[in-house]
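As written, the chains take the letters A, B, C and D, and residue 1 is the first residue of each chain.
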């Protein structure tokens, strides 16, 4: 298998484009997501995105805040206990972003259906009889909407049942805790829908907290839920989920979570945030300096760090990684 | 005794949960209520989150989300969203769930998607933009269609308790009666709405929610005044027992950061 | 959560009955399967079983050889490089067992559909246009059969697509490498369809090579693909997959694989096998003595044993297990 | 040179695989052929089994099954059957697969389910019991419908090469022509049948298999005599090149136990 380790800049340049259907993963609103990848998309000025978010995170909140999202399919648009996602909320309320609402179970089922190359996926009752079935952002003039969740007849019982369309994003950027240079990856914490996403997307880019030796995968093959066989590129970006948390590695930065979201209330606040926290760094070192040593110490000292212990011996150093990045095939 | 409305709401919700049940909690208040029950009287309550975090209890206070480190530090299993929400919940397998609501109607339908200024989609016959965009259903829709029963927690305010919600994000009994069967939902529907003022329960036949009990610091009148439909009152309406000292102690041990103590 | 550790005898007495729909799991024909559980079913004389086998293994081969299987839904009926499964082959050829053929992908999809409580599961083209679609063991007079894989119209494209019925066995007995007393379980090696099976069966019994402390699960929660929440009982049975292999623990007993299968060619050979290898032991100790010390040394010394290394410190001793078995709730 | 028919069959099959492809092998001969290719000329072939065993190579000889310890000792990932067979193969994503056949017909349809004495189901119009019950399709059906192309390996005997198979377990081109499109299969169908005597390939239009090449020790006549239909012969029919020393060395390093050397 080939070495797929490339830089963040290269990955975003190669695997994203204006108007694409992009999906991020993504463990619920405040957990593991490829947020650094989203920052780089803003740096490279991507726009007109058709986004698939199982849940909103600070990534989609940022992309919406800067006006890069034309349309979003989403299961949950908030930030849990942190409140509404102001960037996304504003984009939807102003009509800049068309929202097509699904539930948190519906989106991963649609990923699963895409992964299986099915023509549709049974809803199993999800969203049935609700405005989520009847309101379509794509077809606002039709109420109740008939094509968002069309009904078919179950051939075994004759009963009517609703189905979903399947999802096949152009590219998924998925956060994982550890990856090797071939794209074999281990997630700690809930997978959420990252397994399904890694199989339904046409191209898959991993954003990893750590690059590990493949020996780690050979010791723990059952943990490798995303094998390199389905991965196109691997990016190393430490603390790449910040200000959200990566189970086993770092905690949420509560202060920045609130500040970031507060900034997105207005275009001005967003512009200021982007200047300060998106355009202000070029390298991983500068990114970490931006977060700050004290903050990093605080969030990396958390009650889940023991979960990383079995794997530490295989972690590659920054110097090794730099060399490997230069030798991607 | 010194406790807040939110604390009694959480305790009253926790009292609805029984030992040995398979239970799913949403984020925030509902998670505190659930883990309070596990700590207080239901040690064998099997709790999981919609992310598929099994066997854990919060560490260091209210989790910021249902997958953050405070809830991931001592899990026995991490699976995924389809496993938790579709295989265990939407399938009809989970005993009980707890969800929140921004707006709720007399048949227990929940709106967490948007508040419309003028005409709602069902009034307008088209999907106009909401005045206030809310979060969407998240995993509450799966809980609402699939759990054998579920409990809704909401602040008791007139604007939230509507005759008919602007948008059904998660179904209660839709238009009442046997409507759930019509849609083939495997779950039984909402068994209680627990508010900052009291407890509402569904009529066994019509499925319209009536007042079953009010909090010691509340009254039937206050509740009727804060409800947007003509709320029926049970002939056997009760006062919800005050929290015991043990209950308060257990709740506050779960609510380390005191998020419910802010009145 | 309650202690679910019970003895093999209790588990089979409580969770199996004549005429039931039973599923075993099950990593392909010669890998991890709950074979000791199947031996105990023969010991307790179960019959008229409706079996769901993603693949035949020596368990279904044994149950078929003794005439206990009335009907089988199966994806692969052989023993891979060991050849035809003589017990099952004989039972099907004589008409004692009705075979309803599926493919190896179709059976787990039907488990998944059962787990999701769907009315049907899309076939995605599997078995379409083949005699597996057109020949139904349940309905032999109808050719081509119309109800085994009925066709529906995809509402998005108008194209005809075939679907499968879903599977919901009464009980699944599933082999796992490690379990704690609450039923949290870790599998090493391919899961095959054990994840789906653990979610679609009405009752789930685990047969484990090792009982481990729950601390093991808290260190490796992402490995616990079967949480105790879906498990009804746990049985400790060392070398319980013998003569097949359990990845990380023991290799196949090639000699016994051939001998066992040869015995099943005839009712007489089967009777002799049952006397010698099924009815001849009562305890775990007697079972291990029957396999023999030399053989055990040979098969436990294999190239996968390093996969168990991270977990050994949590393994409970036989004495601890005996005490825990007496305290099941 | 000293080699067996089975060895040349394995080598000829391996030669069909290209570096960098995503490939799935069945058990036995097809697995040896696949891993031979990886060792010989396709080091970046990404091989997995239908159990979802990724990144491994056999240790200690031909695995007894596609999940046994000989193939599980050095895997980089273990997933599951749905992942391998449905998500990666039946979906149309896998480049190439290799399957075996007990019986095969001129359109490349494969029977691994049963041999009938008298009337087959399609002749009788009912599903009568077979005289000899075989193993069923296993994962070969998924490979046949989904792989971009696949290769069939079979011993070249008249009873196995039938005008029409008794039972289609895994589809080739069904009745030829555009039949696969009619059924909506995502995969392209069988690209070659590699036998103990030579190589058959499908006509681009009719999809009937013709003789493309024969082994050095075989002949067109021997092959026609051992084929149950009137086998067409390519005007450019070739002789399959003998195994090179390197190929034989690599094959035998994969086939540690020498299972293919038994003539």
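Here is the rule we go by: contacts are C-beta pairs under 8 Å (C-beta built on N, C-alpha and C of every residue); 3 or more make two chains touch, one makes a residue touch a chain.
Since this is a predicted model, take the numbers as computed values, not measurements.
Counted by C-beta pairs in contact, the busier of C-D and A-D is C-D. Across the assembly, the mean Cα position most removed from that of subunit A is the one of D. Between subunit C and subunit D the centroid-to-centroid distance comes to 28 Å (mean Cα coordinates, whole Å). Averaged Cα coordinates give subunit A a centre that lies 37 Å from the centre of subunit C. Subunit A and subunit D have centres, each the mean of its CA atoms, that are 40 Å apart.
The geometric centre of subunit B is 57 Å away from that of subunit D, both derived from CA atoms.
In subunit C, the positions touching at least two other chains are 116-117, 124, 159, 161, 188-189, 191, 221-222, 225, 307.
Annotation for subunit B: residues 74, 78-79, 82, 86, 90-91, 186 touch two or more other chains.
If you sketch which chains touch which, the pattern fits none of the simple shapes: not an open path, not a single ring, not a star, and not all-to-all. All chain pairs that count as touching, in label order, are A-B, A-C, A-D, B-C, C-D. The touching residues of subunit B, counted against subunit C in their complex, run 20, 22, 44, 46, 48, 54-55, 74-79, 82-83, 86-88, 90-93, 186.
Against subunit D, the residues of subunit C that register as touching in their complex are 27-32, 54-55, 74-82, 84-85, 89, 92-93, 95, 99, 101-106, 108-109, 112, 124-132, 134-137, 139-143, 145, 159, 161, 188-196, 245, 247, 251-252, 254, 257, 302-304, 307. Within the complex, the subunit D residues that touch subunit C are 27-28, 49-53, 59-60, 62-70, 72-74, 78-82, 85-86, 89-91, 113, 121-122, 124-142, 145-146, 167-171, 174, 179, 182-186. Against subunit B, the residues of subunit C that register as touching in their complex are 1-2, 115-117, 180, 182, 184, 199, 214, 217-218, 221-222, 224-230.
Remark: subunit C residues 113, 116-122, 124, 150-157, 159, 161, 163, 165, 186-189, 191, 219-223, 225, 306-307, 309-310 touch subunit A in the complex.
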